[in-house]
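Consider the two complexes below, in which chain A is the common component and chain B and chain C are the respective partners.
The block that comes next holds the complex of A and B.
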């Protein structure tokens, strides 16, 4: 009797799991398929030939991966350097027009990004920034800024006033209090926002497509050209390389972002 | 003084977002000699169907995401079995941070004629001849739902979890069934979060280039495809910008509905 009551639930959950994991399973299958032609339902030959090809040190994929990580690191650095002061001011200082400024940071989320990127690419072209690492870093930093400011502001806002006040009462200057009390307490949230910016840059496609290609070939661009060239195996392996950091971040983000910080995003 | 701290980031948003957006509007309306609507005529003439398809795809995907996230959030809040709730909560988040282009590539294999989806269906007893490729507008919708559902569910289920349990229990004590409680008690209180989650998803999907590129670029497709085509192959910024303005107007319409609803709620 109880087994029958469980059946619909289990069936629905299995279906849902198939929907969530099916595409990723297919990706894994493609990465080890040495030949897979219609009408075969499964690959007819398995092997790691394409993995070797992708991970060859002088291969294009390794070069793209290195470049992508380099760009993401620079973009995160640039982004956090301007986002942290802004987030602190938005969360803890008496800022005139605070609501309006927060809204300005939300604006890029309110419009589709394509028209913005094509015009940035056009301006960059006239400035000689198209096809340069600097150009791609700048767009990625601006793109990540929106998230960084909102998340970091929420992290600063979640720091208790009493802790800061206590430090100030004991004679710490504003800067010392920030460095020794506010910043360490907000650090997990800020770390989460920095990782998020890093990931967004690593995964970014549209802006890199217009600003970077064909000279700056990040991993997503390589994935696209492999897929467009019909090389499903290399595309699948590249996609898996991009997949790993996203899943790791998903798994650890809850540890970094406490519920009270999340609840404060956008307040 | 605090304003100085915000200034650099405002400058970045201005330079890399507002300025290019204004350029896009200017480019859409400027002809060789003065303001013109010619670019919009071209855009309408060539890409009317693409605009409809864009609305159809994003609209379908948004509706499915809404239904799915409400169902998952509802079960997580009201579901009877603790174990099923835990499994569901663990399951739904996986695609949250997976990039669109990776989602596109995964789905290209999964939804194809000999992809795992058809293999599973055939294995479950579907006749072989029914196996068809979903790599068209339906594939784009499925990919969008797969990728955006966790985000919408996170926001909606979070709002549901933060609700006052007493009301739910009161309704249940009065004999209301779970569906009744979901529709009558829970949904009205999280309606604002639902709109926010769905509008953010809608806007995001409108601007995605990689998924239609990977799944199906055949015409008519989503507006991002002709926009990229106009620029990369023809160097025609005017029509691309007109298409961009039209895409912004479409999302503007949606945002307007949202603001109107928010205003109506405030008036209550």
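The block that comes next holds the complex of A and C.
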């Protein structure tokens, strides 16, 4: 009796697990497959030769990873420098047409990526920004702005008015109250939004391709050319490397982000 | 002596609606004033206007002779205890209390000493390293009070500081607060909707209604001489009977008269259950207004009986030392001092 009740649930769980872990398992398998030819179901030879090749000092993977992290860090900084004041203004200063402004930040996401980035690439080309790290950073920062502003605005909105007023009442000017009360209380949400921006930049492909390639080779671009060139092993290993920061930061976000901050997104 | 606070003709608007109209208030040094009123009467708005959180549309606010009508909150020097306490959850109790002192440029050691002193004063010894989330409601309330007292403000603003506490804690804190205020000679304005709290704590009560002052005076004056039916009702005179004024007096349905300064015509008699008495029919009544009625319900809340009496189509409550049978005829006596009579046209 109880087996009948549990069976569908177990099947469903296995199915979900398959969806989530299936592709990762396939990647893992490819990364250690030294030879794997059709129609074999499994590789015929296993080994770490490709791992060794990727991690060799002259291999491009490590260099690309470094570049990707550097770009992601810069993009995050640039993005937060705009997003924090913007989010604060949206959440706390009673701006007219608040909804419209929030929508405006969302707008770039509403258009298909391709035409937007092709146009950006054209403009950047005339400005000499194409193929530069700065160009990629700028386009990543713009892309991350929507997450950053929305999440940070929710974090600021979750700070109680009275907590800030209490600081003013105790003798703090507007700026001191912001620095000692508003910002520390909104910090978890802001950190979460920064992490989202960082991760978005890290595995962003389309914009990097049009603005950066071939001079700026981020890890996703390397992955693309490896996969396009038929080198499934290098592509798989690159993909696995990209997975690491995502998992680490997701764990951090989970710890940081209170449910009530997320619930306030877009309010 | 210079007054601690002067409020002159202050008006406050929320959007298009005026929520405070022509408020005048002078608070002497070391005086404890309660702003009493139902929710929405403007009492919290007045406190927030004094703190500088809401702009004043008209009028003037002065503290110790200094005009602060348009000063930013941080330049006013007063300290507020919020209804929600508004403690900073990311700071320890000691840092919460020391915040204002740090901003005033005190040295670390001096702040630490002052914090310890306040913790002892508020019976929070040893809790300095806790976070607000680790404290009980009563302890949080005392931390909020400590934070405000730390800076020795010329004016302490209390915004319903006890409304989030349960009845027993509230009772204790009420007496502690009064003792502390006397001991330190603090000038305070206390916003509350609790009549008993206002009466126990305050030297003077301002009763607000719809943004205007309904009555102002010491607790005893408001209690024994309410200026309007609204004030009487708010201060516990919840029984109401229709009477007729004639020749400078009102008469009870079954005898007795009380002198009033009202024109002839219909009037409203308001009185408190605990100040009225129930008499058996036939007994010679003491002075006061007497009404014939029927005892409808008798309850025993402790110490005496409370009788619901039906008289001239209305039901009123009165305290009684004896228990009349339900359904029996009784007489209701409202002594002269307990009878609050107002013209029926007044609201």
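In this section, the second predicted complex is superposed on the first by the 264 of 267 C-alpha atoms of A that agree within 3 Å, B and C clash if a C-alpha of one lies under 4 Å from a C-alpha of the other, contacts with A are read in each partner's own complex, and residues count from 1 in each chain.
Quick note on the criterion: contacts are C-beta pairs under 8 Å (C-beta built on N, C-alpha and C of every residue); 3 or more make two chains touch, one makes a residue touch a chain.
Note that the coordinates shown come from a computational prediction; the quantities given were computed from them, not determined experimentally.
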| task | Go through the superposed model and pick first if A:103 touches only chain B, second if only chain C, both, or neither. | result | neither
| query | Is A:142 in contact with chain B, with chain C, with both, or with neither (first, second, both, neither)? | reply | first
| Taking the superposition as given, does A:14 touch the first partner, chain B, the second, chain C, both, or neither? | neither
| field | chain A: partner with more touched residues, chain B or chain C | value | B
| request: Tell me which partner A:227 touches in the superposition: chain B (first), chain C (second), both or neither. | output: first
| Which holds for A:167: it touches chain B only (first), chain C only (second), both, or neither? | second
| note | Contacts of chain A common to chain B and chain C in the A-superposed view none
| Which chain B residues qualify as touching chain A in the complex? | 1-3, 5-6, 8-10, 12-13, 15-21, 23-24, 27, 81, 84, 87-88, 91-103, 105-110, 113-120, 122, 146, 158, 162, 200, 203-204, 206-210, 213-214, 223-224, 227-228, 231, 237, 240-241, 243-245, 247-248, 251, 255
| request: Report the residues of chain C in contact with chain A in the complex, numbered from low to high. | output: 51-53, 72-74, 76-80, 82, 84, 86-90, 99-100, 103-104, 147, 151
| message | Touching residues of chain A toward chain B in the complex: what are they? | response | 6, 9, 13, 16-27, 29-30, 36, 38-42, 82-83, 85-86, 88-90, 93-96, 101, 104-105, 107-123, 138-139, 141-143, 145-146, 149, 199, 203-206, 209-210, 220, 223-224, 227-228, 232, 235-236, 239, 242-243, 246-247, 249-250, 262-263
| If you look only at chain A, which of its residues touch chain C in the complex? | 160, 162-163, 165-174, 176, 180-181, 184-185
